[in-house]
Amino acid sequence: MHLLSIDSLDDEQIAALLDRADQFAAANRRRESSTQLAGRTVFNVFYENSTRTAMSFATAAARLGAQPLTLSVEHSSVKKGETLEDTARTLNAMRPDALVLRHREDGAVATVAALMDCPVINAGDGTNEHPTQALLDALTLRQQFGSLDGVTVAILGDVRHSRVARSNAKLLPRLGANVRLAGPPGLEPAGSTLSIDEALEGADAVMMLRIQRERLDEELGDAPGEYLSRYGLTFGRLAIARPEAVVLHPGPMNRGVEIADEVADLQDRSLILRQVENGVAMRMACLELLIG
Amino acid sequence: MHLLSIDSLDDEQIAALLDRADQFAAANRRRESSTQLAGRTVFNVFYENSTRTAMSFATAAARLGAQPLTLSVEHSSVKKGETLEDTARTLNAMRPDALVLRHREDGAVATVAALMDCPVINAGDGTNEHPTQALLDALTLRQQFGSLDGVTVAILGDVRHSRVARSNAKLLPRLGANVRLAGPPGLEPAGSTLSIDEALEGADAVMMLRIQRERLDEELGDAPGEYLSRYGLTFGRLAIARPEAVVLHPGPMNRGVEIADEVADLQDRSLILRQVENGVAMRMACLELLIG
Amino acid sequence: MHLLSIDSLDDEQIAALLDRADQFAAANRRRESSTQLAGRTVFNVFYENSTRTAMSFATAAARLGAQPLTLSVEHSSVKKGETLEDTARTLNAMRPDALVLRHREDGAVATVAALMDCPVINAGDGTNEHPTQALLDALTLRQQFGSLDGVTVAILGDVRHSRVARSNAKLLPRLGANVRLAGPPGLEPAGSTLSIDEALEGADAVMMLRIQRERLDEELGDAPGEYLSRYGLTFGRLAIARPEAVVLHPGPMNRGVEIADEVADLQDRSLILRQVENGVAMRMACLELLIG
């Protein structure tokens, strides 16, 4: 079994992952670890740089007693002209117990998974999916609201290029949430006419997406603070949502660009660090489900 | 004891490594691991980038319960002007249980080994040797033919710069095989007049070597497909060998350059992935022999 | 509890660390390891490249049974514009059992530590402190002299930019040693008028600091051998110290620049490799104290 997309999971598996991750989160807070995956080897192969995701998966593997082995693209045979398929077959022949893979191209992880005999977890492929991020977001929201049933989540910013938005747009509605997607001109979901302010209206939770600074131009606002005031999550704009609306961000944040400091650091209402914490727990649950 | 060259091993040790690696390969296929090297630390120091070899050694160490610690050249003191000898003495003073070392200069691994109190495994030094590759090739051939006695192996391509060819040319004849080396003009073994087609004639196994794309020039054929048709392993050229001749390649492959897709993917006859699989098993056997 | 500076430790803790590290050094020489930190995860985050320190901490963690997870700056979110504070909070939310951090800015490690719920060890911050280096130096000197009481230590070279000098200047006097700091013009301690030769006069131990080659200019002597003859530790200059004076260097050495080969390799009197060996042992003692 692979975890390539939210579609890889049935409702029962999603519910089980959320429950199990809750337990792991509590255990991690008590700094407990387990040895249930002792002797197992988890390959972490990242074709895109990542602090949080690579460390999060490595930590998750370590806490379960498995040995994470991380390979970053700089050390890869890719530069030597090997095809992705041959790299996949090569990694498979080493018989890892699981492969965690991030790649800059949509579908690359599925291509690799089709050639692997062990479980593959998509740690983000291009603008396609990032299922463990959506799962940890769902966990974070569930911890906050008890249930996602009827919860309105506004996902804002560079939706068009966001695998996080895409996976969340699949997962959260399956758990009963109402998801609204909106972004600045050119970054909004294809065909959408919902404005950012409309998406925010009465939302229970606001997930602000990262904008690549390279995308900023005159139209989006490339002067300091311009993108923030036009499209970013300022305290003023957050007030359009419910009074106690919570804030999420997949990180890393560009403070002062897509999110204001005062919002990122909102006592009790910013769940951004809780997301990171839940990330390790959810990846433990996923590794356990797939390998265990 | 170090494993710097095929010459580091006597016949009994070679036979024992092949037998033990066979057992490890079977255990790996069942995804079993051991804890026999628990508490041991294996340094993997790579002065040249490598996916497969670095991951293969790290996986081998992990499967035996040891902790692999990998250092790539980018993070090394080399840039700070430290001599190789001082780096060796420094690593030695940290008391690893084994050092796996790849270096771009011939003899560099031996230089380091002379200063180390722990076993050193040469994971490839310049154009000199790559003994674990030859050992895994021998294992792969033995699995195929039962014994290497009387087996004819053609090693083709950039023989002149190949540490893989060099180590195999030492090892395989000691196991009873007939080794023939041949390559394109300028890349053939010094003094050899054997053509690629002559080397292939009646061969039981063909090991195609990787050609660095940077070496391709007008003489060797730098137009697309030109090197392949002149010197590469096409299906047509493979037909010069025995009808059921098997194909090996140390990887990573340049498909369409030194090897045709149809050859690389030959059902039952391409042993290329079996080589990768045997790589982990053979490195486990080597680590066990040297540390255990 | 954090280890950010020598000031983080009281005298009792320093004495306990020295005793414990002595035991670990002996165990390491017998290649024994322990499992006392099994299940623990130690993050090694290096914003500056390092061979010896990163490997030394990783080895220390591994020998205690903990899982070291190393992150180098190249893979970090820093490039994505994340603030150091957000990186700290993110790492903290992953709940490592300890964080080892090297950063190029003075005080950066303290900034991070203030945001972490786990122990933080300063593995060098800018020109500020490098407490584990001073501790391992103290251990090395204590092994040599039995006690540091009354021992005169000359710390020479680029004192102004040296976190090693700074931490030693705090630690060694607390153990009873007399510390003299001296350097070439522009690199000497602020306000000092002590010459290198004066500092050497009758010294029991000489710690030569590394000079960044980039700092060499006409005044300091950028011709080959010029810095060495003017300010480096030649055998002749060492003779100003006590006849049996020992030599230390935090590494990596620039041979022929700040230290002559004949001094670096002085039989019995060069303690440079003993320092490396004690580095692993002292870091084990620190991890044990902070996590255990």
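By letter and in written order, the chains are A, B and C; residue numbering begins at 1 in each of them.
By our rule, a residue touches a chain if its C-beta (ideal position, glycine included) is under 8 Å from a C-beta of that chain, and two chains touch if they have at least 3 such contacts.
Computed from a predicted structure; not experimentally measured.
K.L.:
Looking only at residue numbers at the chain B/chain C interface, is the share used by both copies over half or under half? Answer same or different.
P.N.:
Different; most numbers are used by only one of chain B and chain C.
K.L.:
Quick check for you: after a Cα superposition of chain A on chain C, what is the rotation angle, between 0 and 180°, in steps of 5?
P.N.:
120
K.L.:
Just curious, how far off is chain C from chain B if you go by their C-alpha centres, in Å?
P.N.:
Distance between chain centres: 39 Å.
K.L.:
Which chain C residues reach two or more other chains?
P.N.:
67, 74
K.L.:
Which residues of chain C touch chain B in their complex?
P.N.:
Those in contact with chain B are residues 28-29, 31-35, 46, 49-52, 54-56, 58-59, 62-63, 65, 67-68, 72, 74, 213, 251-255, 257, 273-274, 276-277, 279-280.
K.L.:
Within their complex, state which residues of chain C touch chain A.
P.N.:
Going by the criterion above, the answer is residues 39-41, 43, 67, 69, 71, 74-77, 79-83, 86-87, 89-97.
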